[in-house]
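To start, the structure itself, in structure tokens.
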Amino acid sequence: MRGIVRSMATTLGAFVRGPVTREYPEGHRPIPERDRAFPLLLWDFEIDEPYCTGCHACERACPVECMTVLMKDNPAHTSLGGNSSRRKIIDKFWIDYARCMRCNICVEVCNFDAIAMNNTWSGHETSVYDRADLVMDLPQLLAQHKAGAIDEWVAP
Amino acid sequence: MSPEEGAPDAAADDAARDYLETTIWAEVDRALSGITARPVTDEEERSVIDLVVRVPPREVVTALRALRDAQGMNFDYLRSLTAVDYEEEGVDVVYHLYSVETRHNVTVKCRLAADRLVVESATSVWRAANWYEREAQEMFGVRFEGHPDPRNLLLPEEMTDVFPLRKSHPLAEIEVLQGEGIAYEEGEL
Amino acid sequence: MVANTPEQEFETRELLINMGPQHPSTHGVFRMVLGVDGEVVTDVVPYIGYMHRGAEKLCETMDFRQGVGYMDRTEYLANFNAELSYVLAVERLAGIEVPERAQWIRMILCELNRLSSHFMFTGAFGTDVGVFGTAFVYSFREREVILDLFEEITGDRLMYAYFRPGGLAWEVPENFETRVHEVLLSARHGIREMDSLLTENEIFLARTKGVGAISAADAVDWGMSGPSLRASGVPLDLRRDDPYLYYPQVDFDVITGEAGDVFDRYHVRLREMRESVRIIEQCMEHLSDGPILPERLPRMLRTPPGEIYERTEAPRGEYGIYLVSRGGNRPYRLKVRSACFSNLQALRDMTIGHYVADAVVILGSIDIVLCEVDR
Amino acid sequence: MNGDIFGLEINIWLDALVRLGLAVALMTVVVMALIYLERKVIARFQQRLGPTRTGPAGILQSPADALKLLGKEDLRPKNADPWVFELAPYFVFIPIFLVFVAIPFAFDWQIRVLELGLLYVLAVSSINIVGWVMAGWGSDNRYAMLGALRAAAQGISYELPLVLALVAVAMVVSLPGDVRGSLNLVEIVAEQGHIPYIVWQPLAFAIFYIAMLAELNRTPFDIPVGESEVVGGPFVEYSGIRWSMFFLGEYTALLLLSLRGAAVFLGGWAWPLGEEVADQNAALGLLYQFTLTAAKAGVLIFTIFWVRATMPRLRVDQLMAFSWKVLLPLTFAQIAANGLVLVYGWPDVVLLAASGGGLVLLAVIIDRAVRRPTPRPGLPSGGLEGEAVR
């Protein structure tokens, strides 16, 4: 009987203390800066082009093969009259978010700091009706950083 | 046993190896008297922290029983049982044993010829071998004679002609794709 | 018309009940077929494999850094412990020296993970015993606090992929120590609350004492490990008996039970959580500044030929990695020895002869993670 | 033969219909409110928010659920027995609503005053076990079958302590003119104007409360519907409107048993000062009496929610043993003690002493019984040795 009374007292204590949960879509919990959602590409504002040179390093390191990278000659390279020091630049880039396992390896292997994990809520709320919609192309991957909507964290 | 703490020290490592290959082996050898067992000391095959003993497949269950009942260090605990496919060289069946009292490890191995993957079941020694043998059977095609319940465990019940963990079995898609380095053709998207 | 003899009139048949793979208390996609005579279980046939993803085969195609992410997915409640087995196996095989700070942080994280895993157990077990979600929510409240910390460190709440062969992926945040102390404070409160909600409750005792008992000899024979084995009175704890990391430098007790019944399995875990708190506190004292990765670490890690069976004490028992290498940057064969796999085998022994309701409780007390069983 | 309602003289049939209609309408609303409250209260016990989406603070959750259930397809498993399966909800639902006839909400505010009201209430409300068994049998589902058998066993076992605990009170009701004993609920309530029976009969109340939990299939006695074992028990195969009838029946029963407990043990509308207020002002008195009844039933319901949020579930054998070996003997002892008091004309304090002693005994039994582990019930002789290893 003592144990039952103690249990009842425990739940009553919780009753008095009140809820610890919160309404999800209304109130978003602040998430830490290291939060890892899906990878996205970063935009070099100085030269106005992506950092990514399409070197395939991330693609080769990806354990789940979720990336497809195609590179091209950079039309804005200095030798062609532009102001960019990148000889090659990314042409097409797809990341299949449905396959990605968010292991952060692509960020670690990147030599140009061109890719980062999305650390905003928008990276987590990616539900769609069609799996094909989760295959992100280059403009989609660049959009968030280009719009300044992300403060990326890359491990030192 | 690994006496080192975290970072392995070279001298300590050698000492530990000596300990494995002389002291423990002496005990194991005594327990396995009458069985053609030999320790694996070859640099290429050796285990880093345990003593590995090779036993011919015909004697393996006898050896396991002898190890379990051995007086000095009774290896009464079957940690794990698995198989390793060496393609045409055959399949290794690997038993990881442990002694709860004396806290010693030993790994028993037997090499089965690729064309005759049959070994006696260890379920009569440890009941723990039951599911491990079923798994090894469906994954590698090793037949464990005398197993009380040789159905498939993890794979679908009727999938008895395919052995997924063999090296000859291709890992669908991902292995193929890794060779090419490109996951999607441009036109597909 | 056939005349009814008394025997025919009272003919009884064994009823087969299919529990799972979609049943509220099979903890995932476990299926067992129960033969019942009235309410008493006469036979249990477990079926596993619904979650089999071939992690072992996949890891054969991955280099050692990529493999870490897969270890997370074999054991989703104690990911750090699973990662630890893998990275320790690789490190010992390749002979990499791990910096001291990284080892201490690993220890702290593994013990915190043990806490979070055991909180998950107490919650789920409470539900199995029939508490309408209360134990579950209280446990999850504490577990969330721990996961918050993990998220701040690794960036993910569940699939951390934070350990690397050689050390850690990156440095912990600056407020790590204060945050750990906060988490421990809340965990202690959670353990106390769980204690007062369940441990002495008479109905809980009635449901768990003497149920699903397994003797020490049987438990060893079945290859059980972890708290489920210690509940039967076998003091086998790899942290002490087969030390790794810096466990010999910290002081903790190996908790054992006596009867090996469901209550002991629950109580061993609960007391073990207190030990984990003790271990973490000691680790925090040892924590000092330093690198988290060795100075010379090749970009692509290769191991010499050889093999290793690396085992660590995960929350559910011995999590072993059998790694066979023939040189190169990938395992030739990787076998995951999961604790639940062996523990689950003993289910039949424990369950037969008990009531149907007990079958659920016994299954819950083994604390299975189907991902780990099926791999 | 005329009844009167709101002071109007009307035909007795019309009167009955009006009262019944009022009661049913009121009940449906109250049950929906109860479902919402249970979700909110239990959520609070579990430090959650509970329903919040529909309406302010989720207050429209129950109507939304009701609409959803109405819109759902009424499925019947292929192998189910059509008649038994489809009729089962009515057998659960109708008896519970019949109980309304005799429940006193306030003085002179019930559908009918029955001289044997208590007996009627008890008799009618135990019919619904038939419905449970029909549901379990008709569904052709093993979980349902198991749940139904458990429900039958449990319902019958706990009906006895429940009834006898009420009988113990009914025995000692003292009426004007030194008469003792009544089964008329109105008289029982009116007699508690000064001291409710929980004071004189705490053991009977405790037994009533425990048996009530069991009758309602509430934690810790929710064995027939145990979510983690038989996945909802007898109504695992039901859906849509038929399932909602079970649900409605369950909550109506909760309300009715609480009202019954409030009437018999807590003084219903009479204690404290029910009649005095009514004497001063009829309308205010009615309101006050309604509030008293509702508040007392509310307290009982709240404790039921509280227990549900706290307790693990008992096992079926423990449940039966508790009923037959503990509750029933104690109830008989209580009745015997009451009988002695009546025969020898001892003062009511003796009632309190006997019953209080019994209550302490009950607590001690609960405390002791569980500290002894029970042996494995069905282990084949010789243990498991030698069986095929699988």
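Chains here go by letter, A, B, C and D, matching the order in which they are written, and residues are numbered from 1 within each.
The definition used in the following text is that a residue touches a chain if its C-beta (ideal position, glycine included) is under 8 Å from a C-beta of that chain, and two chains touch if they have at least 3 such contacts.
From a predicted model like this one, the values you see are computed outputs, not experimental measurements.
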| item | value |
| --- | --- |
| Chain pair with more C-beta contacts, A-D versus C-D | C-D |
| Maximum centroid distance from chain C, chain identifier (CA atoms) | D |
| Separation of mean Cα positions, chain D and chain B [Å, integer] | 61 |
| Chain C and chain D, separation of their C-alpha mean positions in angstrom | 42 |
| Centre-to-centre distance between chain B and chain A (centres being mean Cα positions), rounded to whole Å | 41 |
| Approximate Å spacing (C-alpha centroids) for the pair chain A, chain D | 55 |
| Shared-contact residues (touching 2 or more other chains) in chain C | 134, 138, 141, 197-198, 201-205 |
| Shared-contact residues (touching 2 or more other chains) in chain A | 1-2, 4, 7, 10-11, 14, 20 |
| Interface hub residues of chain D, defined as touching at least two other chains | 45-48, 309-311, 366-367, 390 |
| Complex interface listing, chain D residues touching chain A | 43-49, 52, 306-307, 309-311, 363-364, 366-367 |
| Partner chain C, residues of chain B touching it in the complex | 1-2, 5-8, 43-50, 52, 76-80, 82, 84-85, 94, 96, 100, 103, 105, 107, 126-128, 130-132, 152-156, 164-165, 169, 171, 174-175, 178 |
| For the chain A and chain D complex, residues of the former touching the latter | 1-2, 4, 7-8, 10-12, 14-15, 17-23 |
| Interfacial residue positions of chain C with respect to chain A in the complex | 62, 65-70, 73, 134, 138, 141, 151-156, 159, 161, 169-171, 173, 193, 196-205 |
| Contact footprint of chain D on chain C as seen in their complex | 15-18, 23-25, 36-37, 39-42, 45, 126-134, 137-138, 141, 197-198, 201-207, 209-211, 213, 259, 261, 348-349, 352-358, 360 |
